[in-house]
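Here come two complexes built around chain A, the first alongside chain B, the second alongside chain C.
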Partner chain A sequence: MQILLDLFYVLIFPGFLFCAVVGLLLAGIDRKIVARMQKRMGPPIVQPFYDFFKLLGKETIIPHAASRGVFIAAPLLGLVSLVVMALFIPVFGFTAFSGVADLIVILYLLTIPAAAIIVGGAASGSPYAGVGISREMVAIVAYELPLIIVLLTVGKKAALDGGITFSFTEIQAYQAEFGSMLSHWSMIPAAVAMLLVIPSEVGSHPFDVAEAETEICEGPLVEYSGSLLGIYKLNHAIKMFILTALFAALFLGGAGSGILIVDVLLLLLICTVVTILSMSLPHAISARLKVEKMFKFYWTLVTVLAVISLVLVWMGF
Partner chain B sequence: MIQHFPILSIMSLFLGSFLIVIFGGKNRFIRNSLAVLFSAIPLVLICCLIKPILIDGEIFSYWMGDWEPVSGFAIGIGLEVDALSLFFALLVVLTIFLAAVFSLKYMSRDDALDKYYTLFLMLGGGVLGLVLSGDLFNMYIMVEILTFASVALTAFRNWGKGSLEAAFKYLVVGSIGSAFILTGVILIYAQVHTLSLAQISALLATEGLTPATIFGFALLFAGYATKAYIVPFHPVAADAYMTAPSSISMVFSGMVNKAGIYGMIRLVYMVFQAMSQSAMQYIIVILGCLTMFIGVTMALSQHDFKRLLAFHSISQIGYVLTAVGLATALGISGGLYHALNHTLFKGLLFLCAGAVFYSVGSTDLDKLGGLAKKMPQTTIIFLIGAFSISGLPPFNGFMSKWMIYQAAYEKAALEGSFFYALVTIVGLLVSVLTLASFIKVTQSVFFGQLAPGCEKAKEVPFSMRWPMWLMAILCVLTGLFPGFVNRYLVVPASAAAIDTTGYIDAMMGAGYGQQLGLSPETALSLEYELTGYWDPIAWLVLFVVLLAGLMISLGLGKASRGPVRRPVPADPKYDTFFGGEASQHSHVGGSDLFWGLKHNLRHYFRFMHSMHSGVVNDYALWTVAGTAVIILFMILFL
Partner chain C sequence: MFKKIIDNSMAKSPWIYHINTGSCNGCDIELVSVITPRYDAERMGFKLTGTPRHADIVVVSGPVTSQSKERLVRTLAQVPEPRVIVSLGSCPRPCNVFKGSYSVEGPLDKFCEVDVSVAGCTPKPEAIIDGLALAAQILKEKRRQK
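This part shows the complex of A and B:
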């Protein structure tokens, strides 16, 4: 019975199916909102589903210069590591598998999909991919510094007796008792920093230096086609869900209502709002940054925001 | 019988090297079998010691020539093997054996191989003797042996560019380090009139540190730091690792710098018992952080595969040092775990560099490319090593780094010190930069366009591949079963590192410390609680289940047709161009891959480049100046 329940967790909720559906929905909402902000009609909200299934039916071409095995394996590994991450991120009181991975592990697990894009791009042998992965790498280094500081800040704030914690369970317990992180004023700069980290972690528009389809033809994805490209698009959508859910767990967590369905609906609402705030809004109002500008932005402004919170929390606020 | 195993294992390495001098010059077969045999014997002997020492917790003491202490005064030379020594000894013998097997084929195109194996076994004997020794002066002797063997091996391929220069630099800086150690030994001997580590430890603990002993201690510390290549003693390591044959680079990074780390741990925890002072913790952690940050940023801008690995080696040693300097139970355990992992994955990566050199004849990142199609197994092995060193879960590098971050952040909370929170941030950041620079190697060497000159590359022979596979498997296993590794290797070793009383009593007779007025309690307890959780097996199971589910569903969908493969005609119009120029001239080559990052930090990088001038005078100056700072700091604050 336990095995069946675990399989249900892994494959349906909150695992593969749930992630995929919610992720694609979020991607659809994002596209619609951006379009409306730019006074376009925009595609229907289910457009990403159509795109995904269309790509699955298309021919998959593997370039001559590509290293075949890695080229095929990379998107799959990225997808699997993303979905596995969803099992560890709590939905208010509910976590599918608690006690497996903590905050630091999640930080590292988040680099696996990025590494998968990079390795897959590298394996395609295209020079556009070469440029793309060099930019992706710089982007990772750029956003990782503020992300590290944000997570450490949460880890310090959520510990009760002056210690530290990296455990999601304790972070939820703290928020259930003292109100969500966002209601503590010292955590607000960290939350803003996290909101700014999300779009570049996802690779959405103002920070999509690596994919930049107008300059370098989608960089690492340039040689991908058919179902493999479809999987990359799915990864992108799931990443939107994972990161917004992570934001919800870290900053807007708590005990929830105790009824799973209500909690999930609440989570979806938070995810949508965070998506609109952190991804659609910057997407609609700004042009793509150059890679060195992006690096500077993250290592100065965003890092300073995160450090302000860290210092405040360490001073006991 | 079993108490003779430590000395026998040291002797077999030295004996092997002498036998190769006598018999190895003529016949290839005799030479190779002698080398493998005499590197396998210590492996077997040291493995026999795992049961009594690591599991049952015994401490072996062995007085050479049966010169036991007379009325509480150690006059003979002793070997003392506790769990810490054995932990490092295991790393040493494993590295020697695998490097010897790898060398058989890898070095087969060089000549004068009898001299190579002689020096190689001599180097191994030196390091093994150092970690098993219980005598301060004996440790110095072993340091000298290993330094000079290393210098000669660095220059072994003296037809190669820069190898003599590298050996000369190593000679100069290494000799300065050895001189510091010798001076330190003299000063300590003048104060306490004994050379046995156990007795020095007991006497210093009862009499307290005087300015003279602190001076000696600082010199010893700096000397062993030189052997571990921590900043500011590191630049010679980059040259030496690059020009030495890869099997030797593996030995350097797998065990020679561990010897330095072992010396430092032994000195600060056991002999001088200085780790309870926060000044000592600060200086070690600061040196460690500098080492890991400068190491990794220098690695970002390297053009040469092995030179890049060398800087990473420096950087990872920084992690070990930082963790050890935290002086908490979790810190020591994390540090030792990382030392073990570093031996495995860095040895593996150097062997991969060796395999590439063997097939293509170059380690220049700008000249290599597309080898994944030619050397698929080496590529997989390299990726395992690269993921391990960058700390991607579930590989071993992640496990130890995770322990180190927790240790550092817990320490910060415990002491209310913001400094250690910064240490945690530096550690996490360095890990990302490590990933970045390994992506660069992966892209430049194994993937991307097949570079001219790489067309004829072939997979390396089996005798080179299996040591690589073995280490790759060990990397995965030590990452997946941290509980096992912790219980049987790391925790006994960390407990031994702080168990001063046990060490003294085993050597000098039970109750020796108490006679002098030492209290039997140890300074630190080894109980620690993790603030987070990480269960690699559960993660892997979930991962595999999901992957299997996905494969099945995809396999059903795609079974009807395979991908289309069309031959590409050899015509320049099918060549790849980027922005109007050939791809090797665009900004995607080895050194420019991180343009966005280097452009923003150009002042820092410019400064670092000017500091790493390549002039041996500068490096010698750094060494002396660094030592002066350490001495000053210790005398002022200890």
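This part shows the complex of A and C:
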């Protein structure tokens, strides 16, 4: 029985199927909102589903210069780590596997999809991919620092004994008792920093230096085609969901209503709002940043925002 | 059922890759205007991609010059099946005003089979959208026959 339940968790809810459907929907909403902001009609909201299924039906070419095994394994590795993450991120009171993982594990798992892009690009043997992966590495270094500081801040705030906690359970318990993190004013700079980290972590438009299709032909993905490319697109969509759900768990968590369906719908609502705020808005109003500009942006403005919160929390506000 | 979903998706998400084989740039600009807010081809799922590996529809503009011939053939070989080739403007097929030039190797039909041909010098954006929509349908047919 336990095995069946675990399988259900991994494959359907909150695992693979749920993530994939919600992620692709979020990606569709993002594209629609951006189009509306640019006074266009925009594609239908289910467009990412069409893209994904179309890519499944295309021929998959593996170039001669590529190292075959790694080329195929890299996107799958990214997908698996994203699904694992979905099992650990709490939906208000509910977690599929609670108590076995905390923020540190999430931090490690978050780098795997980015690493999968780097590894896959390196294995494809294209010079454009070479440029792309070096940019992706710069991007990782850029957003990882503020992200870690934000997580530290949340951990410090949620620990009641004066130390730092990295357990999701404790963070949710804290928010259930004292209101969500966002209702404490000292956490607001950290929340803004997190909102700015999300688009570059996902690789959405103003910060997609690694996949700049107009400059370096989609960077690491340049040689991918067919279903392997489809899996990368799926990873991108799931990443949108995972990061917005992480934001919800860290800053807008709490006990929830106790009824799972209501909680899930609430989570979806939060995810949509966060997607629009953190991804669609910058996408519509800004052009792609240069690599150095992006690096500077993250290590100055975003890091400072996160540090302000950390200092405030440390002083007991 | 799964096959049917894939077949239908083919017509709804055609990604375009554009090759310039020595065109005067008129057709290229007109193709870009198709994805501007005024005409917005993205509402039908069209998207410009940067690499032939992601392409479903290859749009060729310009009479094939001797410099671009080899690149054209190599690029077309990199596009995964099923694919559709669209010739844009009057240049690629009858070579337009460039016919008979020492440097023109066209027409395009010599190097690949052309599925849709949009005529005009330059074609109107409406005509281009019409041609691309037709190409998307052909893409679906090709997938079905496989």
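Everything that follows uses one rule, which is that the second predicted complex is superposed on the first by the 317 of 317 C-alpha atoms of A that agree within 3 Å, B and C clash if a C-alpha of one lies under 4 Å from a C-alpha of the other, contacts with A are read in each partner's own complex, and residues count from 1 in each chain.
Note that in this section contacts are C-beta pairs under 8 Å (C-beta built on N, C-alpha and C of every residue); 3 or more make two chains touch, one makes a residue touch a chain.
Worth saying up front: this structure is predicted, and the values here are computed from it rather than measured.
Asks: So in the superposed three-chain picture, is A:58 touching just chain B, just chain C, both, or none of them (first/second/both/neither)?
Replies: second
Asks: Have a look at where A:222 lands relative to chain B and chain C in the superposition and call it first, second, both or neither.
Replies: second
Asks: Determine, under the contact definition given at the top, whether A:177 touches first (chain B), second (chain C), both, or neither.
Replies: Touch status of A:177: no partner.
Asks: Counting residues of chain A in contact, which comes out ahead: chain B or chain C?
Replies: B
Asks: For A:41 in the superposed arrangement: first (chain B), second (chain C), both or neither?
Replies: second
Asks: Just which bits of chain A does chain B share with chain C as contact spots?
Replies: 56, 59-61, 128
Asks: Give every residue of chain A touching chain B within the complex, in rising order.
Replies: 7, 10-11, 15-16, 56, 59-62, 64-65, 67, 69-70, 76-77, 79-81, 83-84, 87, 97, 99-105, 107-109, 111-112, 115, 118-119, 122-123, 125-128, 130-131, 133-135, 137-138, 140-142, 144-145, 148-149, 152, 155-156, 159, 162-167, 209, 227, 291-292, 294-296, 299, 310-311, 314
Asks: Where on chain C is chain A touching in the complex?
Replies: 5-10, 12-13, 37, 40, 42-45, 49-51, 53-54, 56, 78, 80-82, 143
Asks: Flag every residue of chain A that touches chain C in the complex, lowest number first.
Replies: Against chain C, chain A makes touches at 31, 35, 38-44, 47, 49-54, 56-61, 128, 213-214, 216-218, 221-226, 229.
Asks: Would you mind writing out the residues of chain B in touch with chain A in their complex?
Replies: Interface residues on chain B, with respect to chain A: 370, 372-373, 376, 379, 383, 387, 391-393, 398, 402, 405-406, 409-410, 412-414, 416, 418, 421, 424-425, 428-429, 431-433, 435-436, 439-440, 442-443, 446-450, 531-535, 538-539, 542-543, 545-547, 549-551, 554, 557-558, 563-568, 576-578, 583, 586-588, 592-597, 599-600.
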